[in-house]
Structures are given as C-alpha cells and as structure tokens.
Amino acid sequence: MTTIQARFQLDYGDFKLDVDLKLPGTGITVLFGHSGSGKTTLLRCIAGLQRAPQGKLEINGNIWQDSERNLFLPTHKRPLGYVFQEANLFPHLTVRDNLHYGLKRIKQNPGAVELEQTLELLGIGHLMERMPERLSGGERQRVAIARALALNPEILLMDEPLASLDFKRKQEILPFLSRLHQQLDIPVLYVTHSQQEVAQLADTLVILEGGQALASGPLSETQSRLDVPLAQDREAATVWQATVIEHEADYHLTRVAFVGGSLSLPMVDAQVGTPLRVQIYARDVSIALEAPTATSILNVLPATITGIADGRDSQTVVQLRLPRMAAETAPGSPRHFLHPWRSEVSQSVGNRCDQVGDQALLAHITRKSALLLGLQIGMAVYVQIKGTSILN
Amino acid sequence: MLSPADLDTLLLTFKVASIATLLMLVLGTPLAWWLTRTHSAWKGIINAVVALPLVLPPTVLGFYLLVLMGPAGAIGKFTTWLGVGTLPFTFPGLVIASVLYSLPFVVQPLQASFSAIGEQPLEAAATLRASPLDTFFSVVVPLAKPGFLTASILGFAHTVGEFGVVLMVGGNIPDKTRVVSVQIYNHVEALEYNEAHWLAGVLLLFSFSVLLVLYTALKSHPVAHPLK
Amino acid sequence: MLTNSSFRPILALALLLLSQASWAVTVLVAVASDFTKPMTEIAAAFEKATGHTAKLSFGSSGKAFAQIQSGAPFDLYLSASEKYPLELEKSGFAVSGSHFVYAIGKLVLWSATPGYVDGQGEILKTGDFKHIALADPSHAPYGVVAVEVMNSLGVLDKLRPLFVMGENISQTFQFVSTGNAELGFVGLAQVIDVNSGKASAPAHAPYLRPVGKIGSGSGWIIPDNLHSPFRQMAVLLKTGAENPAAHALADFLKSPPALAIIEKYGFGLPK
C-alpha cells in the first residue's frame, strides 16, 4: 500500500513542530488545527517550501527529504500539486497561461483530454482567456486547483483553499472538491481549521496543536477520540461513510448502509449505490441500556461503550463502537480493537473507515443520566440517533 | 540655436547614458535581487555602499574616483596591469563613473518592485516545477516590469543630468568626455547665456518628456500592484 | 510670560549688541578660488587690524560674476581676471571707478612627478605624455593664459588633442596631483612652498626671478613675457558702496601687510 511517511522537527523558538506521521496513500487527509497549530508549516515542509532541519519524508516510496543523509529535494523537483490559501495565480498571465505554466515544465505531458476533464470538473472552461484580476475569488481558487492538478501530481497539497472566501463562495467550491474526492486517485493533504470542511471532505483526520499531532486516523475514529478537544465541542460529531440501499417512498425515507448496519434517513435524492457522508452530532445521540421497544426513534443500534469523559458543564462525553456487521466481515480478518486514548499517533495508519474496523460514534449526554444509568467502559448498550445530516 | 559642438555633446551624452543604463541593468538586477532576498549580514553594508552616491556630493565622488582610477589608485593600478591604461579622461572611464554614480537610481526601484512581488508567486512557481532561475525570468521579470521601466528611465535621466562626476573624471574633452551638462556650464561660465539657454532648454524638454512617458506608462500598466 | 524685571536686561543686551554692530561691520567678499590661501590669511590680519569681520566666499570668478548680476549681496569682488570687474562697472553692479589690480597671477607648468618638468619647459616640445591639464580657457583666466603660453612656444596645435580641462584651477590641480594628467598649468599659489623663504628677484629681469620654491613634484614657473599680463582685479560692488568695512578691506589689500602675504604665496605685486 502506498503511504506517506512524514517526520519533521523544527524549532523557531516560539514555535516548534515535532510530528511523525504515517498517512494513507489515498483519499483526503485533513490536517486540522487552530492557527498556530503547525498545520500549514507541516504542509509547507512536505512541499519543501520550508526546510525542517530534522526530517524525513517519503511519498509512495520516494524519499523527498532525509536530513540524516542530507538529502533535500527542492520544491520544483517534487512531483506535487499545491493550492495556496490565496489562489496565488500569476497576475501577468491569462487563465490559460497560468494553467500551461506548469505543463510546459514537465516531461510527461498529460494529454489534452485529461486537461479538458479537469477544466470540466472544475467548471472553468469558459474562463481561459481572462486575466486573474477579472475572476471572482471562487473562480480564482478553482483555476488554482486546476493548475495544480494539470501537472498530474503524485500528491495534492491544499492549504486552506477556502479560508479566504466568503460563505457563498465556499458553498460554490465545496461541491467541486467533493467531486474531486471521488475522481482523484492520488492522496490529498488538506489543511483547514473548519470543522465543516473536515466533515465534508476528510477520509483521514490529523489533529494538530502546538506543533504536535494530537491524533491521526480514520475520520470517525479521530473525531470520536476523547483525548482531543474536538470531542468536547458543542458541535462534536462523527461522520459515517454510507451507501444508499433503498428508498421507502411511502414514508419519504431512504435507507443507507454503513459498516455497523443501516440507517433510515429522510428521503435523499440519490440513486441506489450512491456513496453518502452522514454526519451525526453527538448531541443527537442518546443511550439506552436495553433495546427500547416503544420509541419513536427509528435509528436504534447496538453499541459498546469504549470510553467516557467529562464534557462541558453538565455534559458527559461517551465514545461508542458499533460492531462491524458480521456479514461484511471477512472471516479471520484481523480486527484489532483500538483503544484510541492509548494508541500512538505513529501507529494509527489511517484507512478509510468503511474498509476495516468498527464504526465509532460519539454521544453527549448529561452527567446525571450517565450516573443514573451507571455507564461504564465495556458495557453493551443501544444508541438512539435522533437526527442526521447528509453532507453531499 | 544649437551649434555643432552643442549637438556633439548631446550625442555623446546619450551615448554615455545608454551604455551606462545597459550596464546598470546588467549589474543592478542581480544586485537588487540579492539585496531583496538575502538575510546576509552584508546586506546592510552593501545597501549603504550602493546608496552612497545619493549622499556624497558628486564632485567629492568624482574626486575619489579620480584618485582611485589614477595611476597611484587601486583601480588605476589594476587597469594598468590589465594593459588598458588609466580610466580618467576616457570614454570607458566616464561610463564607469556614471554607472557608479547612478547605480542607486537603478538598484532602488528594482529592489522596491522585487520586494513588492513578495514570496507568493515565487512559491507558486516552485510548486509548478520552475527552478529559481526559471522563476526569475518567467515570473519576477514580468511582474517587476514597472520597476525595470522606472529603473531604466531614472538611471538614464540621472546619467544625462550628471555634472560633478563627469567634470572631475572626464576632463571636459570635446567629443570624448564633454557631455551636455558640462557644455551648459561652460556656456554659463563664458557668459554665453543664450547658448546655455538653448542647450538647457533641450535638456529640460528631454527630461520632462522622459518623466512624462514614465509616469504615463506606469499609470496604465496593468500590473501596478503585483498581487491582489 | 516675561515680567518687566526679566525683560529689562534682555533689552539692554540687545541694544548693546546693536551699538557694537554699528562700528564693527561685516564685509561679504566673493573671492576667486586661486586666491583662497592668501585671502584667508589677509582676512585674518584685516580683522585683527580693524575689528571688522570679513566673510569670504570662494569660487570661480565666472560663477561669482553670474551671482552678483543676479543680486548676490557681496560687498567686494576679487576676480581672477580683469574682464568681470570691468563688466560689472559697466553694467552698474559695481561702483564706477572702484576697480584696482590686487595681484598678478603666476602660472606654473607642474607635474606631481619630481624631475619630470625641466626648468625651461622643454618637456612641452619633447615630452611623451598623454594628457596635459589646464583650466578651461573658455571661461577660466588661468586657462586663457595657459593657451597664450603654448601659443608663444609654438606647441598649441600639437598639444591641443592632449588637453584635459578643469572647470577651475583647483580641479586642474587635482588632475595633475593625482597623476591622471602627467603635467598641467596650475597657479603658483597651489604648489608653492610658503616656508621656502621670502621671495626675492633681481630688479633687472623681473620675469626670471625665482618666486618662491615649488613644494613637491617638479615645475617650471612660466616667465611673464610668454603671455599677456595676468592681472587679477578687485572691484567695490554697489551693495558695499556704503559699507565702511568694504572700503577698509579694499584699502587693506593695498597695504604692506597684505602685499607681503600676496607675495609669499607666489603672486606678483601690482605695479
């Protein structure tokens, strides 16, 4: 399996970066953190725009940096694509010339068809003769993404590509990114401080704080970790990868399958087989000790408590796992049970969570309820999901 | 009206200024780029040295050049060793003196426009497989076009108008080192005010046109501010 | 706010200063740059002797001439030539009839290299030099005289291509002293060794007299008969017509102490 191995140590006095990550070679890995967490510095180190004195970087088996061997590939020799926070188009070149700038400088020129597809995907075909100053912020960013992709990079690095856009423009670009997500077969490293973008785009999530990686792993795994502040957040949620399996037109419902079973959702306008990202807020999850027989809540699923932590104010945060459906689990396949609060960051090689392992879930309940129910780690319980939202 | 001698000085002046401007761009571009990019401790010193002609009275600068380029001076000894003799009172000497004198007028606008470009386009170019040299010619030069325009015109105009240095280093030799500013001065000193007025008028008109062209060009340039 | 008691002493002081000024006056003098050294010494002697103050402004005669015509507030003008003072009298900027010769300029063919210039100026005919420096004859009096000398010696046309011309005599001196021009025509005052003793000359051949000794390098003091008289003329300007210090300085320039200084610096004395 192709992977990204990145180890960097860098000390600017008031800021230190010290990470050692193994990341999957496919899908979107989001580097999430607040400003000053080191997420952009990490991305820039991977691109070679910044040089960490101590570091080793291996992408798909190729060494891009190894400080022990004094090896450092300059940025222009790294087969990557980079999208900056500000689109950073060359102001003296038209959109077409911006797109061709990199193309002229690579040996194996991708065909015109491929470029056409990229333009199609990003919806910028009609802008080719414009100067960058005549583009909207969203258009500029789409051109910048196309410019990076045109090079057929082995990895795409995106540094908060939506941060400089207003809400409307963000909504304009997110669908393009989701489509990219489905069509790209190269790894994408995506820096953001927006939980919305995490929920919509991430397959793998790395949480950075103070220059260190607090957690790293499949999205819902990392989202539900109790040792990172994200789980305490009022907006705490887990995102499940699901697939449409049937529509119940009478009830105006859609059933989707995920690794831990199936869910009923309000009708989704999508064909059977369509992959969906379902977001479940922790505040929408309640816990029962026995299977509720009389409840209005449709989505009741068996789960195991894997962690309990104090939340804000009156809250307790409960981490749960929904066992992988037996039918979908290949017999004899290793199912190492993760103890997230103990797992080493470097061990948590991320994978798409619909491939291996159980489905993680987070619940926010009142501390009083937790006490009354006598919740403990290891208890088998039932979760009731009061609401869901579809992200794509 | 202008006498043939006056016309000769005009022609000579433009020749000196053109060659000096070309040399200043060739020398000043890498120098300005280095000064913009470097974190070296030498930066301040080199910056100050380049800017010195702005502060030194031209005749003082001219005097030191005369001493340095003379047979006993370091430059003079070097050029004698090279077999080209000493530089004062020669056309190349005049050009070299002009380059040193007007260099800040080329380096400083270039430096300003280079640093206005900022880090971002350079990084973008690097991520698009452009080597640093490639980036310089494909991104920096086009983006710094207003800077190059300003630098060339200021360098040229300043060389045309220089007086003190050429007076010292040139030796006022007709057709060889007698440039228009010296000729005007000669006319004034010789009480030939009418001739002086004519020549000064031509110089004034020239300078005004050059500056007018410069400011019009800068105003209409599409990339006034490199990155928005 | 000033009280009456604190104001009174200030007023008294101001009145005192004003009354001082009414008898000790300042004279502003424009001086040709070749006369820099002697005039500095003369001014010091003048101030000591009279109590007046002389403020000196050195520069080329032509520049001063242009400035005076544009209303520069000089009281007295010491030119390196006769041309400018007479012109100023004619145009009314100077007091009519006030001009007088204060010194006779002396020209030297000089080189910074010892032994290079011989005592007869033969080098002008035989020398293998690339540059000969002189003040620009189009406006500098020293240059005019230098051209006359070369003309008298019959070498003018031969030497003209080798000319390098200083804007004034000081710059010409720099061309030669830095060795950039092998030799050149400079003022005697610029190269004389003032400590070489009082100049003396045989009365029967004034142009051959050794006027002081050349301090460094080698030189040939040009005999007066090779050029027209190099008279340096002063004139009282309209601005200084009512200035007692200007009159006093004009008189002082003709006095024995001033003449001694003028001679010490290698200038000839007015006859």
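A, B and C label the chains in the order they appear, each numbered from 1.
By definition in this document, a contact is a pair of C-beta atoms (placed from the backbone, for glycine too) under 8 Å apart; a residue touches a chain by one contact, two chains touch by 3 or more.
This is a predicted model, so every value here is computed, not measured.
Asker: Which chain's mean C-alpha position is nearest the mean C-alpha position of the whole protein set?
Answerer: Checking distances from each chain centre to the full centroid gives B.
Asker: In terms of CA centroid distance, which chain is the most far removed from chain A?
Answerer: Chain centre farthest from chain A's centre: C.
Asker: With chain centres taken as the means of their Cα atoms, state the distance from chain B to chain C in Å.
Answerer: Here the centre of chain C sits 37 Å away from the centre of chain B.
Asker: For chain A and chain B, let me know how many angstrom lie between their CA-based centres, rounded off.
Answerer: 56
Asker: What's the distance between the Cα centroids of chain A and chain C, rounded to whole Å?
Answerer: 89
Asker: Under the definition above, what is the set of chain C residues touching chain B in their complex?
Answerer: Listed in rising order, the residues of chain C that touch chain B are 60, 62-63, 65-66, 130-131, 133, 136, 138-140, 163-167, 171, 174-175, 178-181.
Asker: Could you list, by residue number, the parts of chain B that touch chain A in their complex?
Answerer: Counting only chain B, the residues touching chain A are 120-121, 123-132, 134-135, 138-139, 142-143, 145, 222-223, 226-228.
Asker: Which chain A residues qualify as touching chain B in the complex?
Answerer: 47-49, 74-77, 80-82, 84, 86, 88-92, 101-102, 105-106, 131, 133, 147-148, 151
Asker: Using the touch definition from the top, list the residues of chain B that touch chain C in their complex.
Answerer: That would be residues 63, 66-67, 69-73, 85-86, 88-89, 167-168, 171-173, 182, 185-186, 188-191 of chain B.
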